[in-house]
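To start, the structure under review is shown below, and the notes come after it.
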Amino acid sequence: MGVTRGKDMIQRKKRLPRVFDYFVEEDQFAGGNTFCAGCPAELALRTVPKVMGKDIVMVGTPSCSAPVLHGQNLGSWHRLAYYACVMTGVASSASGLARYYQRVGIDATVVCFTGDGDANDVGFQPLSGAAERNEHVVYICYDNEGYMNTGNQRSSSTPLGAATSTTPVGKSARGKRNLSKYLPLVIALHPVAYVATATLSNMEDYAKKLLKAKEKSKEGFAYIHVFSPCVVGSRIATDSAIEVCRMAVRTNYFPLWEMEDASFRFTYNVAHPRPIQEYLQLSGKFSHFNEEDVERFQEAVNHRYTIVDSLCRSGGAFEIPSVQATVSR
Amino acid sequence: MRKHDTKVITGNACSAYAVRLCQPDVVALYPITPQTEVVEQLARFKADGELQAEMIEVEGENSAMNAVTAASIAGGRVYTATSSYGLAFMYDAMMQTAGFRAPVVMTNVNREPPGIHAVSSGQQDMIATRDIGWLQLVVEENQEVLDVTIQAFRLAEDYDIQLPVMVNYDGYFVSHSAEAVKIPMPEDVAQYLSALEKQPKRMKLVPGRSMGAGSHGLLLAYTELRYKHVAAMERAKAKFDQIDKEYGDFFGRYYGGQIEEYKTDGADLILVTSGSAAGTAKTVIDVMRDKGMKVGLIKLRMFRPFPRERLSRALQRRKAVGVLDRSVDFGWNCGPVYREIRALTPEIGCVPMLSFIAGLANLDITAGDVEAMIDDIYAASLGSRFQETTWVSLEEKT
Amino acid sequence: MAIRKTFSYPYESAWSDADELLLHLDTGTWRTKRPQIDTDKCNYCGLCALYCPPQCMLARGDYFEVNLQYCKGCGICAKECPRGAITMVLEELSGKINAET
């Protein structure tokens, strides 16, 4: 059974934490599925209909989520309506769905759920196109920093120096040679309704953003970038994914911010950011790092964080005037 | 005959007028020469309130095909248009459209595909996409563009078929030439297409309903689905004949269905071709018939599925057959339609067959060219040795 | 030999229907360790249920019960529990502990 009953029961909390209030729907996904043990993307995916409800239409594509989002013949792993398409067609298919439902007056939330490989690389063009058109779509990118379903190949979201199967560490190479793309900011520079970064250590923040994204998708494009490190690809223990997420936030490697109507703000303030070494040591893909690598990585983190910080600082140098992204037709 | 408007419009404009009459739900727009006027005209219709569809100005043809396919699976009537490079760019999405059995209608204005840059007419783009499960129709001139585009919606959305349809016509020769065209009235087209409403409803993606499109096809299910797809394509042949006849009864214009047989009665020699070249060929055949030459034309109108049965019947008891292709069949040193007609030998017997490759990249196929082809076919029918493949533009006239 | 007329798969294209067939894997067979909750220490904060990726912490009023059919044994619940109320116990040993209770 796994539970031992003691004689002196201590004070139970009267109610569960506030984050549970966001869960309006029961888990729409079936019991066991093919996500690896300890995978944060599984948590990210299961949370989506719990917050957004079961009337969403999911758009999925080959990725870690495909064996769960897509059916197998007649059988399905979840109770949601879904559209499984090619990697090059996620945001464009979502546009087609959203436009048709708008045309016939069906109030549907179309939710894309793809990995960083699709959002950053092969599916980037349609993502950028849909964002520019401010389509009424929610697009969730779960960032495990590589093509993980195919065995840990690098994507343009893989960080500098990381060891992957296509950027291995050997006699003449030491992992990925260049910095990664920072997709949430790229999307924020499109005329979209909402952009947010989230991760699984901050569940209430994630739930709030899912709900906000659903609301905002009635006006335009809502994008959420979820940091969900791969247990296998990062060579971390199955129990450590949440800790890695937490450390990514605390080192400012993955700041939590949102942009709404062209106004940026942090949603979680890190008072005393930790040195990046504390994040790097948790993850096996950086195990070959020497001091110089760590320093360079810290510079990359500082660089990215400074840009985000300068946009988010309220009352600071940047007072970005809001702009109406789409005029009525 | 029902009331029609008459306008002098280009082939491209005919596509746009036909689409407006069919009232699609979602249209994806992306420009590519020589199709651009199609999307421009559709955008103008929308801007003037004459078209109610959701217009998605996509950022690439791949997105165009994905967007309309998804909208089709959600239950909508959809349309897009492209050509050559765009057709190639949407290739993966097109495979998905066919496999999903989404009744998308697409205009493809024939243009030479990438490989040798050319902004000119040619059928290679259509040939390059023949093996992905789309229905492909080819038309000769502007009125046919308008009529067949309307028929394409009727064919694609037919409950027995549910397959995407590509309507092809020659870039420039048809797309950019203006002719007087009879345009049906909207209420008549609506009535014509209302036959679809009497049929069972196709499956669609509904929010809150636990069905999903694009499930993995595992084990035997995959083979079964492929079988069903091929079977649907087979049914499309008779269906297209039926649709052509019904359209003719309704609007007064018949085209012959899968193939048009022009002066083939008693013809010893047959020339097979498709597209605007058929128009030139018909003129030459008229002249040669007057001179006593027993020659006829078969205009191929349906390319996929291949009109095997009707061609076999039409090519019976001929003395020689020539096929004019505006494309090449890489690997067989001949034209693609020629190769497919050659595969009918078991049904029609060993008849001299000649392949003519002409009209690539906007080169004109002149009446003189066609006459020379028919002379070659005639010589072959008499038993002389003949050259299987003639590259018409490269042959030196001896 | 002819193509058989009935097909195992009902549709013309690849649709799935969860109402007809909802799939699940017995991922409980994956694990080598299972969570053991000490109810003396547990104060029902719910973090284990919050962070469990396959959502295997079932709320039972004033305690959480592990869904052993699907629990993959990742150990996130044990790591995240702020009161250290959960320990991961090897599968072979857990049977003995139950027998003693």
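Which chain is which? They are A, B and C, in the order written, and residues in each are numbered from 1.
As a convention for this text, a contact is a pair of C-beta atoms (placed from the backbone, for glycine too) under 8 Å apart; a residue touches a chain by one contact, two chains touch by 3 or more.
Quick caveat, the model's predicted, so the values are computed rather than measured.
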{"item": "Between the pairs B-C and A-B, the one where more C-beta pairs touch", "value": "A-B"}
{"item": "Per Cα centroids, the chain farthest from subunit A", "value": "B"}
{"item": "Length of the line joining the C-alpha centres of subunit A and subunit C, rounded to whole Å", "value": "23"}
{"item": "Between subunit B and subunit C, centroid-to-centroid distance (C-alpha), Å", "value": "54"}
{"item": "Chain centre separation in whole Å, for subunit B relative to subunit A (CA means)", "value": "44"}
{"item": "Per-residue multi-chain contacts in subunit C, two or more chains", "value": "9, 14-19"}
{"item": "Contacts with two or more other chains, residues of subunit B listed in rising order", "value": "210-217, 221"}
{"item": "Sequence positions of subunit A contacting 2 or more other chains", "value": "70-76, 79-80"}
{"item": "Subunit B to subunit C touching residues, read off their complex", "value": "99-101, 162, 203, 210-217, 220-221, 224-225, 227-229, 232"}
{"item": "Contact footprint of subunit A on subunit C as seen in their complex", "value": "9-10, 14-28, 30-31, 34-47, 49-55, 59, 62-63, 65-70, 72-76, 78-80, 88-89, 94, 97-98, 101"}
{"item": "Residues of subunit A touching subunit C in the complex", "value": "1-6, 8-13, 16-17, 19-20, 27, 29-40, 42-43, 46, 70-80, 200, 203, 231, 237-243"}
{"item": "Complex interface listing, subunit C residues touching subunit B", "value": "3, 7-9, 11-19"}
{"item": "Complex contacts: residues of subunit A adjacent to subunit B", "value": "54-57, 59, 70-76, 79-86, 88-89, 91-97, 99-104, 106, 108-109, 125-126, 128-130, 132-133"}
